[in-house]
Amino acid sequence: MDKSVATMAAAIADIADGMTIMIGGFGGSGAPIELIHALIDRFRATGSPKNLTIVNNNAGNGRIGIAAMIDAGMVAKMVCSFPRSADPRAFTEKYLAGEIGLELVPQGTLAERIRAGGAGIPAFYTPTSYGTDLAKGKPTAQFDGRMYVQERWLKADAAIIKAELADRQGNLTYRKAARNFSPLMAAAASVTIVQATRIVEPGAIDPEAVITPGIFVNRIVEISDAQQEEALMRAGVAY
Amino acid sequence: MDKSVATMAAAIADIADGMTIMIGGFGGSGAPIELIHALIDRFRATGSPKNLTIVNNNAGNGRIGIAAMIDAGMVAKMVCSFPRSADPRAFTEKYLAGEIGLELVPQGTLAERIRAGGAGIPAFYTPTSYGTDLAKGKPTAQFDGRMYVQERWLKADAAIIKAELADRQGNLTYRKAARNFSPLMAAAASVTIVQATRIVEPGAIDPEAVITPGIFVNRIVEISDAQQEEALMRAGVAY
Amino acid sequence: MMHKLSNAQIAWRAAQDITDGAYVNLGIGFPEMVAKFQPPDRQAIFHTENGILNFGESPPEGEEDWDLINAGKKAVTLKPGASFFHHADSFAMVRGGHLDVAILGAYEVAETGDLANWSTGPKGVPAVGGAMDLVHGARRVAVITDHVTRDGKPKLVKNCTLPLTGVACVSRVYTSLAVIDIEGGRFVLREKLPGLSLDDLQAVTGAQLVIGGAVGDLIVPEV
Amino acid sequence: MMHKLSNAQIAWRAAQDITDGAYVNLGIGFPEMVAKFQPPDRQAIFHTENGILNFGESPPEGEEDWDLINAGKKAVTLKPGASFFHHADSFAMVRGGHLDVAILGAYEVAETGDLANWSTGPKGVPAVGGAMDLVHGARRVAVITDHVTRDGKPKLVKNCTLPLTGVACVSRVYTSLAVIDIEGGRFVLREKLPGLSLDDLQAVTGAQLVIGGAVGDLIVPEV
């Protein structure tokens, strides 16, 4: 069993038009910049993938990563909790022009919906958003005297995430707070594609240190010199 | 901040009659034998705690641990998935005599209910047990054409678990598959009491290696020579 | 008495359908035997409910680590690439549809795919473990079983009489006499022992066997 | 113009109520300032939604690690005893009631405890982040805010006019003029600036202030 692939292009080859794609990261930490840019490269060369629904905590920053996907016109809709950033132009312009959709989800509900998607839980109740505009149209129920909102699982056709170590079976570790949504997304997507800083042999990661077990991972590509979105952003890079 | 306490008696001092107590472990792996026996010692000396509801995957084995609590007459009810073991006499005798209650819960539902208790999710839907006797009386609902059963969170007054390393802030690691239910129980209980093989200073556990963050832990006692339930059982030990 | 496969032979046959790279959960007891017969050119990764992926055989007696056990509480070992996780994550793998196949024992399997394998009725102490989760989790839920009970009654039935483990959950049954798929609420015969007539097989089966294409010979080596 | 506390002084006052060993989440922006004023003899452990417990101050410029940030995307450092976890576990801490206190900013707080702090209306791009989770999570949800808006209108009101973050969720408000608890759907005055009359305070408050006991002097050092 060897889930590693040689190139980013091969790793993302089956991402198709109209898919829902979860992209790991919170702001720049954990953002799989190289894989995102590989999607943009493919779109520029072939016109695909387009009409994508992207699930991420944010909606891009500056002119790189998800913001660059939006700029390129690949994204039909964002599902996120916080479509603001230091430089939110890409999303803001398209949103105010009515050219991109938005499903705004409270951050904890977003995380829990993704977790539910991976765990086979089609719906759950949360106190979050009860009585607010974001609960409008959702079923509510009372438990033990308190009101809760019913939320549905969130799944994706593909997840694109960044890991620190990956063994060839797909077991992953993350670096510091770059972990954030990625372990949840890996489990909630039909296909999980990983860029890892280093690919190692099975057994090289302590079984106790594995954060995402390989069962949730389909393909891994090694990007040893991965860039940090925040650093690119501060350097004014546009992709 | 130092959550360590000097003695097992101090660690369990506030476990009171009638409480619901989650006890970590799956069979013998992860069973906090010394803390369980400390509860039995207190019961023998004072007649308390009694009338307990115990949440564990199993219902005791042989004449030690949870089985010995049952033998001693401390347990009013078990919430578990599999009240059988190599030597299930303690539970079986009391159950067939109508002297102990049983709430039988599918193992994955038991885990998820405990996880929900810790995560503030009062109810969720699962396909597990739909159409079976264990779903009788529970609400059902259809999502995307499939039927699901609504299950409620499970919380406890106290959790008693076994860890490998604990720092003084309560950050925990576990040993191999002894992890099982313990991280879930730590989060679902009002008070979480830990026996750790070794107590270390904050910073001694790599922040990436922490399995149970200290926020879920209240008290830690060091039991450096902790015994293994399975080994005691095979040696025919009775407590 | 009818010739039939041994339990080991049933397990061998089930093992042949496990593809390279599959994530597999084997129920405790008889199904655990399937692991022994994995074709050597394919790698399956075994999952156990209590929080291990990619565990291996039992260690030699005396070398057990009782923190390293499977769902049946037997001591196991680890293979390279193993991982540990807690019970909620373990059943997220199960319930979330991440396992490729679960192989379970059965008291009864109905042509609807209903399975009864956890309770023989109200007597004694009921125990369910992870069975009800597993039947709704894996992409493919297979059963291995003798074709009939000890007293010769069909285990493949029209409707289960014992308490259900799950509704419409089984997709394939490997028995001591045949390999049968469950499709559209019918038992579809795929393979049977070469010397066994269809009539004789039907006679020990509690619901109609449907022929949905070529019926292969169920040929299994001595194991 | 009425004497009032600076933001730093409001943050200082809020910090005095954080007990030793408390687990605390500070909303992004102004509430982050509370951490600076922790009494040195008490240890609080700070939680950030993106998966860190026990983080510390920002590193010097140029030494940032952009995988080590807080919910406001600012670079932070770790204290001994820190831990990392994923977002579902992070919000299990929040929603599950494991935080002792969350301190948030506000556009409006109603006497019912309703909070509006995420949206100023339908214009622009809406963004909610973790605010709606935090208000239902911590055992104590406190707000720090100027007592009035920039144009002098009350921020403490009978009913919020802006989109709600949560219903009946705030238990204490630290303002530039007073400390007010919300109990039984009423604003109960606990402390006010020494020079400020009750009438003057009531005049800039959008709902009835209730006196539920001794009203202390809100005395805050220059910070």
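The first chain written gets the first letter, and so on, giving A, B, C and D; residue counts start at 1 in each chain.
By definition in this document, a contact is a pair of C-beta atoms (placed from the backbone, for glycine too) under 8 Å apart; a residue touches a chain by one contact, two chains touch by 3 or more.
Note that the coordinates shown come from a computational prediction; the quantities given were computed from them, not determined experimentally.
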Starting at chain A, fewest touch steps before arriving at chain B: 1
Geometric centre distance via CA averages, chain C-chain B, whole Å: 30
Centre-of-Cα separation between chain C and chain A, whole angstrom: 36
Rounded Å distance between chain C and chain D, as computed from the means of their C-alpha atoms: 56
Residues of chain C engaged with two or more neighbouring chains: 52, 84-85, 88, 91, 94-95, 136-137
For chain A, residues that touch 2 or more chains besides their own: 112, 115, 119-121, 126-127, 174, 176, 207-208, 211
Chain contact graph, described as a line, ring, star, complete graph or other shape: other
Pairwise chain contacts under the document criterion: A-B, A-C, A-D, B-C, B-D
Residues on chain A engaged by chain C in the complex (per definition of touch): 1, 115, 117-121, 167-169, 171, 187, 201-203, 205, 207-208, 210, 213-216
Interfacial residue positions of chain C with respect to chain B in the complex: 48-52, 64-69, 73, 84-88, 90-91, 94-95, 114, 119, 124-133, 136-137, 163-167
Interface residues, chain D side, partner chain B - complex: 20-21, 23, 43, 45, 47, 52-54, 78-85, 88-89, 91-99, 136-137
Touching residues (chain side chain A, partner chain D) in the complex: 26-30, 57, 81-86, 88, 91-92, 95-96, 102, 104-112, 114-115, 126-134, 174-184, 211, 228-231
Touch list for chain B against partner chain A, complex: 112, 116, 119-127, 141, 143-144, 146, 148, 152, 173-174, 176, 207-209, 211
